[in-house]
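What follows is a group of structures, each given as structure tokens.
Below are two complexes that have chain A in common, paired first with chain B and then with chain C.
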Partner chain A sequence: MKKYLALLVLVGLWMAGAASADEHDVRFAAVDIYLDSAEPVAAWQFELSDRDGLMKVVGVEQGESPAFKRVPYYDREAVRLGEADRIIVADYSLAAVDELPSGRARIATIHLMLSGDDDADFNLQLVTATTHDGVVTDARLSHVVRTGSEQ
Partner chain B sequence: MAREQFADRKAAWRRPAWAAIAATVLLAVVIGQPQFQRSSMPVMSPRPPDISDVLKLARERAGESGAQAEIDALALQVVSLAARGES
Partner chain C sequence: MTNREMGMMFRILATLFISAIIVIGCASTEMADMETVGTAIPPGESDIEDVVVTSQKIGRSSSRRAQSVPQSLYMTAPTKDYSQADFGPLASDEELWVIAKPTFDGQADNQDTSPGTGAMLAHVPEGNIKEVPLPLKHTDVKARIDGYISTVNVRQQFHNPFDTKIEATYMFPLPEKSAVSEFLMIIGDRKIRGILREKEEAEAIYREARSQGYQASLLVQHRPNIFEQKVANIEPGESIDVDIKYFHTLAYNDGWYSFVFPTVVGPRYNPPGHSDPIIPVPHGSTGTAENSATIPYLRPDERSGHDISINVEIDAGVVIEELQSTHQIKATRSSDSKAQVRLAAQSTIPNRDFVLNFQVAGDTVKSNLMTYQDSQTGQGYFTMMLYPPMEHASFARRRMEMVFVLDCSGSMNGRPLEQAKNAVNVALDHLQEGDTFQIIRFSENSTQLGAAPLAATRENISMARRYLANLHGTGGTQMIEGIKAALDFPHDPSRLRFVSFMTDGYIGNELDIIGAVHDRIGESRIFSFGVGSSVNRYLLERMAKEGRGAVAYLGPQDSAKDIMKNFFGRISHPALTDLEINWGGMAVSDVYPAQIPDMFVGRAVVVTGKFLGAASDVSVSGYRGADRHTMAVSAAGAGEDKTQISRIWARLRIADLADRQAWQPDPHGELENSIRTTALEYQLMSDYTSFVAVDTSHQTEGEFGVTVNQAVPVPEGVRYETTVE
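Here is the complex of A and B:
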């Protein structure tokens, strides 16, 4: 009987240790998304995912352009429920052409929770970028990852 | 006798045939009405909607009261459906 009790205690300790190790594997990062366009951009939409499925989106922040003042559009319900393992973010502006961003500008920052020890392999795709008159413009996306604290 | 029977059968077949022709003509007239013409139906976009469609709508309805809520709802729908692969 004592043998079984000791075994039970050992299994319990091992499970507690494993759960604790899992919690320590979670870390946070912020991904700054930059759009580079020769022409002023009035609307943009992109998709961010992780090829290894390590990420969960926990928040979205607006960029630096005064023409895009508010938080961009994204699936808020999926983020709230912690189900956003990929995200589509978009925004538009009715500002005058000379107020719209051109060149390289940060359009959004995505806050992520990452699991596992490996670096995330992000897949960032531009869905569309258009000028004020709705014409699709040639633009490129890039991102910078800022890692946060480990938990 | 045989000739009378043949005439009766012929008459019995003629009635439904005329009814079918009349129904076809009526259907053609109805389909020919402008509201049933393909050109007057809303043109379906060959691609899923994206933020450029929202921008277009926002430009068209700029200044209208209550329009912003509808535009916001559409924009949220565009990104949510796309994220769930339903667009």
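Here is the complex of A and C:
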């Protein structure tokens, strides 16, 4: 009898813990940011947010172009003290024109922690993209969401 | 049914199954050992490098060569022929002194001590020394010094030598004034910038990532000079690097700037009941809680493969006359004002502070003001270095009341206490008629030479020397007893009272001590000696700040005579006291230190603050004896755009707020909130903010593995037996 009682207590405790854990259930995802431009891009800035307030930024990774070797900087004001994050990321390169990326290229990967089970509703906006001589160029942003298990 | 509901159902079924197993007693599950497993070997005689040190002089003649050598230099002549050693090409104007360590045969040893089923490393016996496999392989330090501001990148290279997944943790020191502002996790060619968040939030993110199998890293501050790095889910054979960037200002004494990089945290004594200890434990010990701050120390017969490289690029802006270091270095010069310095290959064991001093031409150094102004907000930041006169012969000597306070705890046993006694003996030589003195010793309690300060008579000084000779190092470090004994008796208004603590500062309750000094300081000045190879500089510097004094450092091989003689001469001849600053047209606020210290010959005073308006000339006035003197500081160099100054200011503000927590009641958490807000606004590490980085693009399989705490050596000159065990 004691064994059954102990079992019931354990199950009860575990269920309480499971419910509590689920309230804070989180998952992780990588969002690859692609910039598509006909002209070589020397500088760019974009803003990423989530309309449902599910995301927290946990890392910013550099893109694939050798011309942008540094890890992009993010705007500290955008992350600071936020209940939910939005992040503004920017970078520039002083490389020669023929080394700058053109066409579709991954310019950054934003690593996120997401709460809830629903898919995040990302809002991705290109603030600016310029050529090596500072002229704003026509470019488009897109993103691909990956999770660790999809690698 | 949603994914969450399915997950819940699965968990319930799984738990029912596991619980049933527990209830019928068929099995018990046990978490993996949370510490690395070490094989204890009886302590033996260690093979230690026979001598350590070098001095490097770079070829300019100096009219001031005869001046005092800066503190903490190990000066030893070469004893062997190392002409075959590989240090790279030496220029004709370079001179490199090297003392190397013995070589060993390096036969393989198949005994393994891995936390999983077996280590990938073999042990290489060096006499009785056993190499233990640990994850931190290398620390690479790259510093750039621009004037007196240093920007430092520290890369820690972690590698998993085991055949199971691990989490690596490492407690390490940084300079006490460092403003840590960037953090990168590097996996192969990929670099992930860490995000600064509130500490609890960063820790929660890290725990989640770790438990879900993601590679992640977390940087936490335990003290302004002690940090902890955690790297989760390092797979067998894999490497993950972490890159940390910080700024700080250099100290200036007697014509020399000092760049210091500490390499190991000394074992701390934690008074009973202290709520936030840093606990020293023997490597391989088990049972420590995950959230307690512990530092495992290698036994005398163990060593890790961790080594260090240091490269320093100096652009002094003025002529560099000479370079000196505690370590073997190689230096090259590209111009009179520039030098590149690197640690020589034979000096890469991280068990003592690396100190690099460079002497600049005295006639080219002038008090100056450096500024940075935010172009968007107009907010300005400045740092001003006030250089004192170089000579004190013309200043009147004041009558003194000298109080020497010696740390006689176990960590001071041996060479450190011997050095402290040497220094006090030298100081006794320099007391003059009309001076008084006292000697206080403390470990678990305190005792003192006389009931009250004694007149500096020949008889009393002889008695003091006998008292000193009988002091020994043993027991814990109840520094509070020394503070009370030194500061709790009435001040003699006819004399300048100097209290000189001589300690390694190996305590865990720094804030209690800083608070006690603040509450009791009165008219006293604190001029302390940090004694040893890896002193707790945070404690010593903060005590000096509260005590309106200064610190000198006395290494195991330094000449106590030279350093004390120089120090004593300086403090007995104040160059300018009771300083006041006229800021001209600048609207200045939030100045640190809030109370400007007295200026002593050879010791610069640095003042940092915020301003609005245009940078303008400044005048500083104070008393030299009974006369008031004024010195002008030009803002001519204020146009340089040094963004680091804003973060240096923020770091000082955080330090000041943290110090206030030691004595100022904060029932509503306003100080804590101010620290947090400042740290987040200026993107700096603090007690309440941490960096976290997660690689979400790859999920490792299985549990997060075994936690391996990086064990470190005790600092050179410190006895393991009296401090760790």
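Just so we're on the same page, the second predicted complex is superposed on the first by the 116 of 151 C-alpha atoms of A that agree within 3 Å, B and C clash if a C-alpha of one lies under 4 Å from a C-alpha of the other, contacts with A are read in each partner's own complex, and residues count from 1 in each chain.
Just so it is clear, contacts are C-beta pairs under 8 Å (C-beta built on N, C-alpha and C of every residue); 3 or more make two chains touch, one makes a residue touch a chain.
Treat the numbers as computed from the prediction; the structure is a model and nothing was measured.
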**OP:** Determine, under the contact definition given at the top, whether A:W44 touches first (chain B), second (chain C), both, or neither.
**Re:** first
Original post:
Which of the two partners, first being chain B and second being chain C, lies in contact with A:A139: first, second, both, or neither?
Top reply: neither
**OP:** Quick one: classify A:L54 as touching chain B (first), chain C (second), both or neither.
**Re:** neither
**OP:** Pick one for A:T147: touches chain B only (first), chain C only (second), both, or neither.
**Re:** second
Original post:
Which holds for A:Y92: it touches chain B only (first), chain C only (second), both, or neither?
Top reply: first
Original post:
Is A:Y74 in contact with chain B, with chain C, with both, or with neither (first, second, both, neither)?
Top reply: both
**OP:** In the overlay, answer first, second, both or neither for which of chain B and chain C A:I107 touches.
**Re:** neither
Original post:
Does the superposition put A:V127 against chain B (first), chain C (second), both, or neither?
Top reply: first
**OP:** Between chain B and chain C, point out the one touching more chain A residues.
**Re:** C
Original post:
Which of the two partners, first being chain B and second being chain C, lies in contact with A:F28: first, second, both, or neither?
Top reply: second
Subject >> chain A positions touched by chain B in one structure and by chain C in the second >> reply: 73-74, 76
Original post:
In their shared complex, at which residues does chain B touch chain A?
Top reply: 50-52, 54-56, 58-59, 62, 72, 75-76, 78-80, 82-84
Original post:
Given the complex with chain A, which residues does chain C contribute to the contact?
Top reply: 2-4, 7-8, 11-12, 15-16, 19-20, 22-24, 184-185, 190-197, 205, 208-209, 212-214, 216, 680-681, 683, 692-699
Original post:
So in the complex, which bits of chain A are touching chain B?
Top reply: 42-45, 47, 73-78, 84, 86-92, 94, 127-128, 130, 134, 136
**OP:** Name, in rising order, each residue of chain A that touches chain C in their complex.
**Re:** 3-4, 6-7, 10-11, 14-15, 18-19, 22, 25-30, 56-62, 71-74, 76, 79-81, 109, 111-113, 117, 146-149, 151
